[in-house]
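Encoded as structure tokens, the structure appears first; notes follow it.
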Amino acid sequence: MLPWVYEFRWDAGHIIFLGVFFSVLIIIASTLMRALMRAIGDFKNRRVDHVMWEVAFEDLPEPARACRHQLSGEVAHRTCPNEFDCRDCVSHELFLRANPVPPAGTGPQAPEEEQLFGLSFPLDRYYDRGHTWVKPAADGTLLVGLNDLGTRLLGSVENIQLPEIGSTMHVHGTAWQVSTRGADTRILSPVEGTVVDVGGPGKEWYLKVRPEGNGDALRHLLRGAEIKPWLTRELERLQFALSEDGVGMSLADGGVPVEDLPRSAPKADWDAVWGEMFLEA
Amino acid sequence: MDKLLITRGVQRSPFWKFILWILPWAMLLAWGLYGAYLCLAEGLNQTNMDNRFAFGLWIYLDLTVIAFGAGAFFTGFLLYILKRHELKSVINSAVVLGLICYSGAIVVLMVDVGQPLRAWFTFWHPNVHSMLTEVTFCLTLYLTVLILEYAPIVMKNRQIRKVPSYLVFEFNLHKLMVVFAGVGAFLSFFHQGSLGGLYGVLRGRPFAFREDLGIWPSTFFLFVLSAMAAGPSFVLLTTWLVEKLSKKRLVKRETMSYLGKLSGVMLIIYILFKSVDTLIWINSTSPSSGFPAFEYYDRAAFGTWVLFAEVVLFGLLPALVLLRKKLRERMVWLIPSAVFVLAGVALNRFVLTIQTLALPTLVFDEFLSYMPSWQEVATFSMVIAYGVLLYSLSFRYLHLFPQERELTQPY
Amino acid sequence: MQKGALWFLSGFGLALLIGWYAFPQLLYRSVDQPVQFSHAVHAGEAVGMTCDGCHAVSDDGRFAGIPTLEQCAGCHVDVLGASEAEKYFVEEYVRQEREVPWHVYARQPDNAHFSHADHVKVGEIACERCHGPHGTSETLRPFEENRITGYSRDIWGVNISGVKSNPWEGMKMDDCVACHKENNRRSACLACHK
Amino acid sequence: MPLTLTRRNVLKFVGGSIAGMMVTPLPWKLLDDVAIWTQNGPWIPKVPRGPITTAFSTCALCSAGCGIQARCVNTIPYALSGIRNHPANNGTLCPSGVAGHHLAYHPLRLKSPVQLFRREETIEVQPVSSEEILGKISAAVAISRNAGEGTLALLDQRPGRSVSLFYRNQLAMHGRGVYLVSPTDPILITQCLDEMVGTSFGPVGYNLERVRTVLSFSAPVLDGWGTPVQTSKMLAHRGSSGQKGARVIQIDSRYSRSAQLADQWIPIKPNTEAALAFGLAHVLLREGLYDKALIQSRALDFQTKGKHSYFDLVGRFTPDHTAECTGVSRDVIVATARALAAQGPSLVIGDGDSGGGPLGREAEMAVWGINILLGALGSNGAIVHHRAVPAPKEFSANGLSPVQGVSDIPDHSIGVLLIDASEQGDPLPWSLLERKLIPDQSLVVAFSPTLTGLAQHTHYIIPTPAHLEALTDVPTMLSSATGTFSVSSPLLRRPEGTMDAREIMGKIFEVEGTLEELLKQRTSAIFESRRGRVFKASTGSSVQLTELGSSDELWAELTAGGMWMDDPVRSKPLPEFHFMGRSPAAYERMLDAGEGISSSNEPDAPRKITVLPYGRRAEVGGAQLSPLMTKLYQESGLHRSSKVAVLNPATAKEFNVANGGRGTLVTERGTQEVTIRVDGAVMPGVAEIAVSPEPVGQAGTEIVQEQDILELIVPDQAPTWRAFRATLQKA
Amino acid sequence: MDQTTVKKSRYGMAIDLDRCTGCGACLIACAVENNVSPGQPKVNERNGTTWMRVFEVQDGRPFPDAQTAFIPMMCQQCEVETPCVSVCPQNAVEVDPETGIVGQIPQRCLGCRYCMTACPYHARYYNWWDPKWPDGMEKALNPDVAPRMRGVVEKCNFCHGRLHEARARAAAQGSRQINPSDYIPACVEACPVQAIAFGDLNDESTDVALLARSERAFRFLARLGTETKVYYLSGRDWVRRLADRELARSKKETLHG
């Protein structure tokens, strides 16, 4: 096997055969090393959250990855290639240029209510695909909270793990963890920045974050007229996720979704539903 | 706990049902392990192999499962190198199948050789001219590759993925999968070929011996081609079986049909070459070494029907079906055709391993038969059971079919 | 990071300790020779014997190896000197006509064929080339047997790493082959395997 | 900062250990050592180490007396070869002889006396003291002598040895002693000649050097019958040697090895050899191809008035009639007779196959008859006189018990049966011996080194030294032209607890002396005869006996692979004789033998087949066979297992059995499972079955009884067991 | 002093099938010489070990005209494209360039049995069982040949132990050249009818070289092109036609036609 081992000969057969063998071995090993180095690099560059979201996003069913411009009807079918991060999306730029998002109630459409399908979606804030909202505060910080659908989806939360003050948030990294009914759910962070204060369920907001980066910080979030089509679709998905199990419950209870969905439908596979709705694979 | 290991959003049968399914296979595995233990502890006298039938059921099994396992490299190659993205939905399953086939083959090989503790001599003192050396090196390397391909699938298990370092590593490894796909294809080409060469080089067995094309006998290339025909069919068939057993749609029909087409195309090429090769062998190779070819088919058990079955019944016939779009889009045609493809390749491996050894070389020697002992069958079953178990576990706890969720969600 | 490195290093260090120190201790079993023997006395001026006086090659090319009791008894029919070892030897073995169960340092396995005639008479290789200068040794060192293989430690060489500091250390096939290659001798397996 | 034990840290520790291990010799040396362990482990047999020496002796497995040269390690023989230029074997050995040094390690070797208890299929052995057995024998011998109940019989499976003379002497003195030999023993063949001549004609042998045509009646002439040198000479004209050899015609019901090798094979219906002999004589007489003057002057029953004569007898066996009896075509009979007369000197050999039993007295006399007609007993013939090997004076002829074949004594007459050398000699159906014993009252003891063959049927076995452990002399072979004498000296130390037969008999009859003394006395007798030549193994050449200085010198040569060969003598002229022997109903007996009431002539019972057992001399005997041979022979297909019946394809079809299938043979004595082999060369209507030991495992307290085809023989059927009828069913 | 002064040999054999009586002394002598174990009682003709196998062959004519010959078959020592050498994955088989003998080293062998499938003569044997000798018989093994272990392949090597012995004997006299009469394989020595000749085919004067050139000489499966060094001799046409299947077939046709 090695030149100094008995029976090795410097002939064509040995050189080619063992040459190929060692080359392949080196390729395999170096690829492995490369993956390892990159992984270490990701850790060093604090890209872990990003990577985890990217992997999760890849694993979402294709319909769950629909582009916001598909939801708004601007394009018939488009799957988001940027893990719902529109900040650097060239297409988003082009879509926007062609068709700026009118703030709710100001566009050609009818003015939006804050109430959609019986859910409260105030227009003074931005919404992330992971059912959080962001509201810029006066002091330049951003308030982050769970939207009405998200709140009702989780119902009464048994345990919540909020980040420590001073910790860093990344877009679509983990904002906080919720565990209820034996299942863990991570809530995606809609923004990037440092946590300066924490709230929680029952408070106005969950996190107060000092944003990082430039003015693009909120560009990837849904706003105004985009909310309704998105929410419509989310409710459809929810409806399906719930019906899949044969629970067959209807979301709406007299037109308004109930306050605590899990309690009203305890038999449903909430673990799957949360995974579906909070974009976790 | 079991629930929390299952990929979110996919439906799996209740745990007790799963245990019920696993149990018989686990028992088969245990029986097989006992058989293999006997062979290792007492020696190969436990088998019905002998000096004339030096290779038996196990080598046949090895050759066949490795041909079937070719789906892994072929799918990987098409997906990562040729960017046929429609195969993304079966690649994970193909990788698991490949891993099962190859690791199973290597386990059986370790029982089959008389001195497994010295098997590493092949690496330390390799005879680079031996096809078996090539096979050993390639199989080991490729098994490593398969493990590296399988690792990301495991790391994406619902619980394991929670460990950030695993997931980040998986992410980066997956990005480099194209390298492994390339290496896998390269290695597979050689070892699938070398497995064919294994018999093709046997100058002393004119039934198996074939002329060289370049530095390898023609069986080298025939094996590569037939493995490439069998691989997709095997993936197709297992997927279909899993769909039937789990009562779920896992893969789009177009993908199934595409796999069928792949098989068909490779098969027709293979059959073409095989026919030419057979004609050359009958008319030139074999007679020139003093062996009239028709004598091979002079035996009751191995008549010319074998050749007919291999080339026409299990070759041309399924190939033609699979090449017709209308037919392969219908499951009633697609699935039996895949079965036929596999049967053809399995028969080819059978003929090459068993018939070669059964036929006498010396004029005064006799045609021999061989029936495996229960220990051999047990060891064989061990691999089957191991395969079913590993696949079942993978199917339950790993995300084998990326399309599964969307296929069960109608939007 | 620092803490983690400590764990890693302690594992590393322990492995080194086990691998380099404990392993050879465990691998070899040390046995004393049944009788002490001084090559120096026998080959020294007082007695003046040569190697082939006891370790002879016969006419048919077979090597006698360690002399039998008969040869020893040729002189030691009675106690000749003052040493305890000799007295013990005469009483325990010569008088009782028991062969001494010597442990042979250079014992090769059954599958190796080694012709002393070939190497010494034709190849003109000195005994010391392979056996070292033990003709001048005062005592017999303990015989160390590999617990797994049953080989004498001399086959592998004293140093567990396989590094040899003297030309006669090591009697593995690699060592034979190295010399054969150097001198362009037979290289076929069957030349030395039986 | 304490080191907390977390999973992470454990992993790091393990990682560090693995990394560290990789840079130590541990994994690599272990890998290497484990591989060496697989090459050298304790379960792999180790070769002996020690001084290599050469020793000489003589093989005593049969009476060929081959010189053996043994390579020994630590004085233990590990390989045997023939002594170059030795008159018997000239540097070669037969397969049994080559593996002779294995016999001491036979798996069924006995090293202490045992008592046997027979179960259904197994034999249980229990240790017992030799004193106890000897006491029982002595008591029984005394009863036999004093009370006259039953005889004291000794079956000698190797007659002709010096110790055999001692036995005969002691038996004669006992009064009711009977000295028995196997019905197949060549001694009985010369007895037939004695019966024809009326007195002892004297020892005869074959001078094969003179022979141009050999006609063999089923004798394995080319298969271990003569010495290797003789066989080699008979085959000398084969291949590229350019030498001349004898033309061999083999008359055989079986496609035996000799039939395969012979120049001509004449297949014959089983048990019709006598008819063929008469048929051949008929042609010789009719065509005048014999020495009329000699026959006229010496033959007393050639043509006698008023009485049935040999001429009348032979006259009945016209070629056509003979053809009908024997199945040999008329033309072949005539041509063979003419060839014998024309291409002389010719020799006709009787002697049956050692596995298949004797031809029978009448057939043997018929064969001698042809030899006489052909002049083979004349001064230029191939059958020559020689002198008996000199023996000490006390063994003079009148002091010896007569030699009797087992079949020749009355049934239920033996009170004590001692079997010497039961591991040797030709196989003998136990049923034949059993019916000679007084039922339920007899005592049977074997002297044997192994629990094989006839010894398995006895009550007690006293272990004797095995081949090459024992000191023994080798008697003259029937095929030898002169008397020979050689001594097989031990090459191996005999185990404690074994006794040679002389010691045992000495204790029974209370006679002092040892075997060595006996053999030395004989050696002195030879030396004093001042006759013959001595082959010396040390020089590979022969010298005149007179060149040796003393009897001790002769003894030294004989015990070191040497051989004494008597000088040839002029053959005595043929005295007056009876072609048909002297018994009162000679003609009728001969006629019956010729016309045959043989089993094959019985009306064809459905599903009955003629079984032809067969074997090879010195190989089949009582299984004195190296365990290596039983295995190797079967592996190479050279010798069939005793569990295989070989049939002609037509016969197989008739009995509805297929090649490789199983069949069951049934007689009144029992059943035997056999595997069917189909061979186109075999005679239709017969099943050839070997009588040879099967491979055996290590001996425990219980061993499996040997079951060979001879067990199926129904004792009253016939004096010989060359062919018997059995039902063959598909199993 | 260098290797070139040592004569290169091509040891070969010539077996006279017209002389062979099928007695089997050769195969017994072989087994004794080479420490082939007696094996277990369960051993049969297909899974036992015998470096030499004697085939009994017939010309196929029916009773009573059948003719028989015996063919001792051992490793034929193929010289060209030796089938077993190229297939062995770990160099356990090789052709010794100095002697032409195909050597099989059981200690290197991993027991894959590929060489056995490669050998057209079925001259290779696998140790299906642990080699075992009856009690005490290990002391009577040939010290010049190492016993093999279970799970490896073995075969005839022209009694290489005897070549070692011959070389040592020569070396004791200070010579590199063996005396040809010191090196005779056990089967050759044992054959009671001297049907086997052995020697150096390179040396034109040896019996075996002469016989190999004789008109009666042929080799089995010669058309495979492996240039075996074991020659067979027969003047009988039907025996010579057993050399390969094409020849055997041509006989049948002439018989029928």
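We just call them A, B, C, D and E in the order they show up, numbering each chain from 1.
Methods note: contacts are C-beta pairs under 8 Å (C-beta built on N, C-alpha and C of every residue); 3 or more make two chains touch, one makes a residue touch a chain.
None of these values were measured; they are calculated from a predicted model.
*Asks:* Chains in contact with subunit B and with subunit D: which ones?
*Replies:* Chains touching both subunit B and subunit D: E.
*Asks:* As a test of whether you follow the contact definition, which chain pair has the most C-beta contact pairs?
*Replies:* After tallying contacts for each pair, the winner is D-E.
*Asks:* Which chain has its Cα centroid closest to the overall Cα centroid?
*Replies:* That would be chain E.
*Asks:* Mind checking the centre-to-centre distance between subunit A and subunit B? Centres are C-alpha means, answer in whole Å.
*Replies:* Those two chain centres are 40 Å apart.
*Asks:* With centres defined as the mean C-alpha position, give me the subunit A-subunit C separation in Å.
*Replies:* 73
*Asks:* Could you give the separation in Å between the centres of subunit D and subunit E, each centre being the mean of its C-alpha atoms?
*Replies:* 31
*Asks:* Calculate how many whole Å lie between the centre of subunit C and the centre of subunit E, each centre taken as the average of the chain's C-alpha atoms.
*Replies:* So the centre of subunit C lies 37 Å away from the centre of subunit E.
*Asks:* Where in subunit D do residues touch two or more of the other chains?
*Replies:* Only 34, 37-39, 46-47, 49, 52 qualify.
*Asks:* Would you please write down the residue numbers of subunit E that are in contact with two or more other chains?
*Replies:* If we look for residues of subunit E contacting two or more partner chains, we find 40, 44, 48, 55, 91, 107-108, 130, 144-147, 149.
*Asks:* Send over the residues of subunit C in touch with two or more other chains.
*Replies:* In subunit C, the residues touching two or more other chains are 60, 62, 109-111.
*Asks:* For this structure, give each pair of chains that are touching.
*Replies:* Pairs flagged as touching, ordered by label: A-B, A-C, B-D, B-E, C-D, C-E, D-E.
*Asks:* Can you tell me which positions in subunit C touch subunit D when the two form their complex?
*Replies:* 3-4, 6-16, 18-20, 23-24, 27, 60, 62, 64-65, 68, 109-111, 146, 148-151, 156, 160-162
*Asks:* Which stretch or stretches of subunit D touch subunit B in the complex?
*Replies:* 31, 34-35, 37-39
*Asks:* Spell out the part of subunit C that touches subunit A in their complex, as residue ranges.
*Replies:* Per the touch definition, subunit C meets subunit A at residues 173-174, 177.
*Asks:* Please output the residues of subunit B touching subunit A within their complex, sorted ascending.
*Replies:* Against subunit A, the touching part of subunit B is residues 3-4, 7-9, 11, 123-126, 128-129, 133-134, 137, 141, 144-145, 148, 156, 158, 161, 164-165, 167-173, 175-176, 179-180, 183, 186-187, 399, 402-403, 405-406, 408-411.
*Asks:* Which residues, counting only subunit E, touch subunit B once they are in their complex?
*Replies:* 40, 42, 44, 46-48, 55, 57, 71, 73, 81, 83, 86-91, 108-114, 116-122, 124-130, 149-152, 220-226, 241-249
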